[in-house]
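Each structure below appears as structure tokens.
Two complexes follow with subunit A in common, the first pairing it with subunit B and the second with subunit C.
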Partner chain A sequence: MLSTLKYIAVVLWSAFVVAPLLWALTTSFKTANGVTGGPTYLPYIGFEPSLDGWRSLFGGAGGIDIVRPYMDSLIVTSSASLISIVLGTLAAYGLSRFEYRAGFVKNTDIIFFFISQRIMPPIVLAIPFFLMLQFLGLLDTKIGLILVYVALLLPIAVWIMVDFFDGVPRQIDEMAMLDGCTPFEAFWRIVLPNSMPGILVASMFCVIFGWNDFFFAFTLTFTDTQLLPVAVVSLNSSVTPWWSLSASALVSVAPLILIAIFVERLLSRGTLAGAIR
Partner chain B sequence: MSLILDTLHLSHNGEAHLDGLSASFARGSLTTVLGRTLAGKTTLMRAIAGLQRIDSGTMERDGQAFGTLPAWQRDVAMVYQQFINYPHLNVFDNIAFPLRKRRLPEVDVRQRVESVLSMVGLSNFAGRKPSALSGGQQQRVALARALVRKADILLLDEPLVNLDYKLREQLREEFRGLLTSQSDGTVIYNTTEPAEAMMLGDRIIVMHQGRILQTGTPAEVFERPANTLVAGIVNDPPMTILSGRLDHGRIVFDGGVELAASAHLKNLPHGLYRFGIRATEIEPSEGRGIPGRVTFSEVSGSETFVHVETPFGEAVMQLEGVHQVTDGSQIGLSLAPERLFAFAADGEGALLRAPGQGEN
Partner chain C sequence: MASIHLDQIGHSYGTAVYALEKTDMHFEDGKTYALLGPSGCGKTTMLNIISGLLTPSDGRVLLGGTDVTRTRTAERNIAQVFQFPVVYQSKTVFENLAFPLHCRGWDRSRIATRVAEIADLLGLTSRLSQSARRLTADEKQLISLGRGLVRNDVAALLMDEPLTVIDPHMKFDLRRRIKQANDQTRHTVVYVTHDQNEAMTFADEVLVMSAGRVVQRGTPQQLFEAPRNLYVGNFIGSPGMNFVRAERLDGDLRLDGVPLVGADRCRGIAPDAEIVLGIRPEHIAFAQGEELGVPASIVSAQDHGSLLVVDVAVGSDRLRMKVRRDVSFPAGQARLRVSSDQVRLYVDGVLVN
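Then we have the complex of A and B:
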């Protein structure tokens, strides 16, 4: 009885999660008539399928050219994530292994300072970021947005990696040094390969944030640079082309679904064992 | 002398971990450092290895000061209490790591790793990750990685402490053979167990609170403990120390209990002393001897340890076989006078007379 209830709960939850994707998938193959003609889900039976929605993503009528925002999103997210992970990992290793002291400021204060960056609501940060990028001449540029994302992602990377490095016995670094490694070699050759699960988790968080961010992309870029979430939302005008909107939404979530499958496989193989506590 | 440590001081948060420690270690020797937890044994090793900076003092190897060299240039190998190996490398690569780091030709690496693998009995496990091995095997890998380098100084910090009793006994035997094969280097082995120290070391250093209390051969340290602290550390269970007075050939404990002093104590001046006796030299006596109350007893394999509170201090008695002793019961203790150690009543209680010493 209990297991039946469990299955029912799982099926209902799956339906809740998958239904919007299925809805978007069917809608992306509809035309204006198909969308306004009531709820229909099966092609050829409920509606006449059309590729107009998908064509519109590549400069077709009523749509957008999705390639440029896609590439912009890809460049900004991957660059910001990479920089954040590299800097965050190095900073986290330092904070985990060495003691810093400047007056009353100690390691725990520095870590809290990193985390505190994320306590403030984004709207508070938007105006300072806008003014700074304007001052630097980096408004509406990919570099400007990458810098902002690095500032936002670095605390996440540092936070996750400090916690992870704290879990790697310090004696491993010492052993490597006694085996002839300099402190950096010990980090690079021994600690880092053993920290891949933590790096993967931190990277996943960074990529998801960078790829999904709408707010900063919307406030700090206009025409020269346009990220995918902004491009997709821009389709929502007085007459919303639901078929284009659905196709572009599917295209934009596709990389995250791929990441989810990849991470799920790693989890099931135990690669991330101990990485998430 | 290969390794000379001179007046090492190391404090942390105002607490002295090494307190003016001086010692020398001969090349080709195996020295065990015996001391209780927090005696400063691990700190001493970390200082020698360059993992912890000393506040003052000098360290020399073959006449060359090396105290300022970083850890990776000291040619020191170390085995920790914990089974520390590189988790991402298999057994072979773990052991080969320090050799490859020194850019030895791969042929030599293979030959040396295979030789040391066979020494530690892990030839069939070369391809396994450390996590797929038992605790004892993991510690053998750690030892193999330390041995393969033929390092000038080999430090072993209580390497068997996290293993079960049987395995500890087995590995202790193996370690003795493996470590003495390091004939060129200096081997230092930390332990809290007197039996281990006696069995392994050519020489024992007894440490307490960052200081060396005594240095000597196992027989010297065991038969002539320098003071009551050493007597407590080198005996397991610790030696019983009771306060009393030597008066006209008799040992008088407060409360009127008396023992005839044996020959080795008779020529000591009259006065107050601390008398020490090993747990194996105390026996229960019916209605006579030193009165006491059993605080607790524990059966350990084929022996029973009985802890007794007496008016002159706490005593521990080691009895052969399993004995049922009720906690809180009254008991009389019989001491063998000829087995008594006499320590000074003041200070750390320097040894004045040991059994068999000073007899005509």
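Then we have the complex of A and C:
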């Protein structure tokens, strides 16, 4: 009885999650007639399938070329995430293991300084970022966006990794040093391989944030560089091309779904659980 | 292997109180020492100073005569086993045991041979290819120990209560294996424990610590027979030493009117000093026949397996004595025979003579 209820709940939840994707999938194969003809889901029976929506992604009629924004998004997101994770992990290890002091400023203050960067709403940051990038001549460039994203992602990485390293017993580092490692080797050869779960979680947050960001991509780039979320929104005109919009939504969400599946695999294998002890 | 010399070492963790009081200490090459004392008395601090995990606030550390106070842990080449097992979860058992040798740049075949030897010694051979993540606490601690033993050139082997997390039935076995490994390697060993049995069985010499200082060091026998002060007397032995105030009459020391210690042993003690007698429970027995004995009344008896610990009242004092199970003793009133040459005298809490 209980398991039946459980299955019903799971099925309902799956429908709730899958339905919008299904809707987008069918819509992406429709034409203007198919979209306005009321809700239909079965190709050939409910509507006449067409590849117009998908073609428009590659510069077809009524669409824009989405390949370049897609690549730009991939480059910007992965570079910014990678830089943030590398710097964030190093900073977090230092903050977790060593004591820093500059007058009344101590480790916890430094950590708060990092996190406090995310307290302000994005709109407050937009103008300073704009002016800074303009000064550097980096407006409308990938490098400029990467810099901005690193500034936004680094606090997340530091925060997650400090918390993670604090949970790793200091004895692990001490033991590695007793076994003959320098402090950096202890971090590199022992603590880091043990910290993959934390790094994975932090990377996931960084990638999701970077990939989904619209606001900064919109305010800091114009024509030379265009990220995927901006490109997708620019499809919207007086007559909304639902078909190409759906197709582009599907390809934009695809990497995140792949990441979700990958992380879920690791979770179920127990790789993320009980990293220490 | 090397001797360890702590030259005027002291340490405080940033407060006015010293976790380790300024002290001068020497550990000889190839000997086994036990640091014995309650939690928080500075034992672990001392180990961490020796291994370099902690830089002392005062003094110098000398390994084999060389000043290593500012030398990195890795370069001191010391093996240390912590209270809680530390294994590298991302590695297999073999990789865990091989890691210290890798760090020293040994070649592959030499590592394989050495790891096999240590695994055999610790009974881990069948586990070598397993991931270290899924082992029991006992096995993890064996690996921690193995990583310490695998280098046969370490300057010293430090063990910080390594048997605390081990199942009681495994403890005995593990203790034997550690001792066996020690006898083979003849490292300089410093073994921290709060278990006196462990200290007594392992060590050539025992150091009793209290509140950041070493109160007494000596062989297990010395600590048992002549504790330097009341603290050591209480701490060593189970139950600890009995301490009772002596009456001083005609130069003799008496217990409830019965002379126990002759005037000759009181020479040099101020006539008005208050003398406390220290008597081990093992050195009290029931007087037989017409023997002169200290009158006592029996309060209770506790069964300790092959022995009984009997609580007796002498005047207003309470004493504990150990009696073999098969000895029959009277209920209520009894007379006690105390081996007077085993009685120790204490003035102001400190052993005299």
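To be clear about the criterion, the second predicted complex is superposed on the first by the 263 of 277 C-alpha atoms of A that agree within 3 Å, B and C clash if a C-alpha of one lies under 4 Å from a C-alpha of the other, contacts with A are read in each partner's own complex, and residues count from 1 in each chain.
Simple rule for what comes next: a contact is a pair of C-beta atoms (placed from the backbone, for glycine too) under 8 Å apart; a residue touches a chain by one contact, two chains touch by 3 or more.
Predicted model, so just to flag it, every value in this text is computed and none were measured.
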| item | value |
| --- | --- |
| Simultaneous placement of subunit C and subunit B on subunit A, clash or fit | clash |
| Subunit B versus subunit C as contact partner of A:D179, first or second or both or neither | both |
| Which superposed partner A:P169 touches (first subunit B, second subunit C, both, neither) | both |
| Subunit A residues touched - subunit C or subunit B, whichever exceeds | C |
| Which of subunit B and subunit C A:I190 touches, first, second, both or neither | both |
| On subunit A, the residue positions that both subunit B and subunit C contact, one per complex | 169, 171-172, 174-182, 190, 193-194 |
| Subunit A residues touching subunit B - in the complex, by the definition given at the top | 169, 171-172, 174-182, 190, 193-194 |
| Subunit C-facing residues of subunit A, complex | 169, 171-172, 174-182, 185, 190, 193-194, 196, 274-277 |
| Residue numbers on subunit B that touch subunit A, as the complex places them | 49, 51, 70-72, 74, 76-78, 80, 82, 84, 86-88, 97-98, 101-102, 145, 149 |
| Interface residues, subunit C side, partner subunit A - complex | 51-53, 72-74, 77-80, 82, 84, 86, 88-91, 99-100, 103-104, 133, 144, 147 |
